[in-house]
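If you scroll down you'll find the structure; I have some questions about it.
The chains carry the letters A, B and C, assigned in the order they are written, with residues numbered from 1 in each.
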C-alpha cells in the first residue's frame, strides 16, 4: 500500500493500509533524529509553511523540526502577526501563501473543517494540525506508533480514552484510528463531556474511570482544555480530579504492562497524577519523539517521496 | 544598465533603466520557484534580517521565501518581541543588528523616512518594505512585473489607481514607477482621500470611479486601511463601497483586456467585489508570485550579484 | 585547558582556564562573520532551540546568527506562542522539547535558577541566556573578549561597573569573571541599588560615579531596567541621570585609553550620554559583534567540538 493523497485532513478517511504505511515510514525515519548529524537531504529546496491560528508549542515545533531534518525550508505564519487582524478571509490568506509556491501548508485552526475547506481550494498539499473539535490526525498517528512500539501490535488491544471526549480532536482521531485497526476503545468521562453519538463510532462508553481502565492495555488521558471549554462542564477541578484523575491505584486495575499516554500539555494533579506521569508505565515522552518521526514520514510521503 | 545601489528606499530615486534591470532579473529568477528543487546556492552564507515594526503576512514571508530560495539565512525581528518595548532608539537597534554583520536589513516602519534614516547611518544594505505613507518600492516593482507580463510593455498604458490615495504608499510608489516608464496614471477616490499636490506628480485626478476606469488597461484597487486611518475620511463603508467599490459593471468601461490588481489583503465587498477579485481579469495572485521573484532579484543584485 | 561541560549556567562555576579557552575559541571563530560567505559546516545537522521567557532582540538573534553561521538548524520558542499559557510546567515543556532531540537548549527566564533546574533534569546541554537577577554568562564572556581586544589582557585592570547592581545579572556575571581573572572591580550606584553582600564577592563599593571611574581602564554602564524593577528605587530618572549618568566630563577622570561598555539596550540620556555612547572610547558595538563570536564558540565547544 502506498500513500498518494494530496492532503492529510483526518484519520476518518484513511484506509488501514495507508495508516500502517505511514507508521512503517515513520519507524524507518526515526533513526535519523538519533544520529550525530540529524539531517538528510531528501526535501532540499522544498518549502513547508505552518499556519497556526491557535497557540501551540510542541506541534508547531515538531513539524518544523521534522521539516528541517529533511532539509526543507520552513516558514511560520502566526496569528498575531498575520493579516487575520486586517480582516482578510482565510481563503484569501491561503491563496496568497499558495502563490508563493510552498510545497505544503500545515494548518491549525479553531474552526472544525478549516483544513478541508482550504484543501479543496488549493493545489498544494494541506496537513491538518488540529481543527476545532474535529480531528488531529498527526497526534493519532504518533499515538499509534507509540502503542505499536510498546505492544508490538495495534489490533486486539483494549484502549481507554479518558476525559473531555466532547471537545477532544485527539480522542476523535484516535477512536477512528484504533477501531479501524481492530482495537477496542472505551471512553470515560463526566456525562456532560461525552457526546451522545459516540456509540455509533463503535466505542464503549462509561462514566467510571475504574471501569474504563480495568484490563486496559493502553490508557490515554486527555487534557482538560479549560481554554477551549468556554463554560464549565463540571463543578470544580478538584471534583474532576477526584473522579477522573489517573493515579497509581488505577493502574493496578489495568494490565500489568499497561502504558499511559497523554497528548500534552499536561495539567499535573488534574487529569493525571505526577506519580503516573513520571512513572514506569508512562510513554508520554516517547509520544513526543514519535511526533517528529510521524511528521517526517508525512512530509516525506506527501512532498518528497512517492508523489514524484 | 546595472543596479549598483547599496539601498532600495523608494522608486522616486530610481532611473528607468534600473527599474527595468530589476524586472529583467526577476523574470529570469522566477522560474526557480516552479522547480521541484526551489533553491539555488547564490546567497549561501549571507544573512538577511527583517525588521517589521508593522504586522504583515505576505510581505515578510515573501522576502523570507525569496531569501531562502537563494540559500541565504534569514532572521526575523518582530516588534512585540523587540527592544522597542525597552525604549531603545531605532538607530541603536539597527546599529546593534548591523554589528552582527547581516548583509541586508529589510525594514517596515510606520514612520515615513525611517529606512532612509537608517540607510544613511548603516554600512549594510537597507530595503524599504513600506514606510508610513511614503513608499513601498518592492510592491511597485512586483506590480510592474505583473503588468509587463500581461501587457508586454510598461509604456503607453492607461492605469487607474483607485481608493485611499492619501495614505497609500503603494499608490505613491506606483505613480513614480508608472510615470517614469511612460504610462498615464489616473487616480480616483473620495476628495478627502486625495492629497492636493498629486497633479504635480504628473497624474490625472478624478473623483469618479467610472471616469477613472474608462479605457483603462490596468485598474489598481487600493486597500481601505482602516487600521492606518485613525479617523474616518468617509461616512460609512457602505457609502465608500457604493461609490468606489469595483464591480463587474465597471470592467465594461475599461479596455477589453483590462487587468485588475490589488496589493492585498483585500476587503472583499468593500473596495472590490468577489466577482472581480476572482474573475478572469484579476491578476492578484500573479502579483503575489511576482513578489517573490522581485525580492529574489533585489537580494541577488544587492547582496550577491553585481556588487561583488 | 578544555571546555567539557554539558551546560553553561554561570560564570561563578567556571575555572579561569575554561573562560580563557572559550575566549580563544571565540577569537578564532570571529573571522567567519567577516567573510563573504559567513558560514562553516561545523554544526550541520545539529538542532539549537531557544526558549525565551523574556523579550529580547539582541541576545536571541545573536544566538540564532551564531548557530546559523555554524550551519545548525535553529528553532525559537517564544513565550506568547507557547504552552506556558496552557499551564504546563517549565520542566514538562523542557522535557517535551528534549524528546525532539535538540542538541542544545538556550533559555532565558525571569526566575533565577531556572536554567540550573533544567540542566539537572535534561540530557541535552543548556545555556543560560539570562536568569532573573542571577547570571548572564554569555554577556560576561563577550565583555571579556571585548576588554581583551582593547587592553591586550584581563588582569590588573581597574573596572568600574555602574548603575543598578542589585537587579543586574550582567553585573553579577562580570564581577565573577573579572575577579577570577585578576582584575579589580569597583561598583557604583545609588545605595538602594547596591546589595549589601557585594563586598564578599571581592569588589569595592562606592556611591559616587566620580570615585568609581577615577583611574579606570574600563567603565561598564548598566541599563536602568525600569521594566524589571517593579518599584522605583530612586526618586526620578532625572536625579538618577544627574548622579549616575556617564558624561564626557567623567571620562577625564579615567585612564586616557579607557573604554566604555554597555550591554544594551541603552537609555540614552539616562545612564549614558549620547556623546559618550557614540564617542571614541565606546566599544559598545564591538560588544555586539563579539556576542556572536562568543556564542559561536560555546555552540562549537558544547555541541560540535571537543565533546565528540
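As a working rule, a contact is a pair of C-beta atoms (placed from the backbone, for glycine too) under 8 Å apart; a residue touches a chain by one contact, two chains touch by 3 or more.
It should be emphasised that the depicted structure is a prediction, and the values quoted were computed from it without experimental measurement.
Comparing the contact residues of chain B and chain C by number shows a mostly separate set, under half of all numbers used being common to the two copies. Taking CA atoms, the transformation carrying chain A onto chain B includes a rotation by 120°, reported to the nearest 5.
Per-chain CA centroids place chain B at a distance of 40 Å from chain C. Across the assembly, chain C contributes 80 as residues in contact with two or more other chains.
On the side of chain A, the complex with chain B involves touching residues 44-47, 49, 73, 75, 77, 80-83, 85-89, 92-93, 95-102, 308.
The touching residues of chain A, when paired with chain C in their complex, are 33-39, 52, 55-58, 60-62, 64-65, 68-69, 78, 80, 226-227, 264-268, 285-286, 288-289, 291-292.
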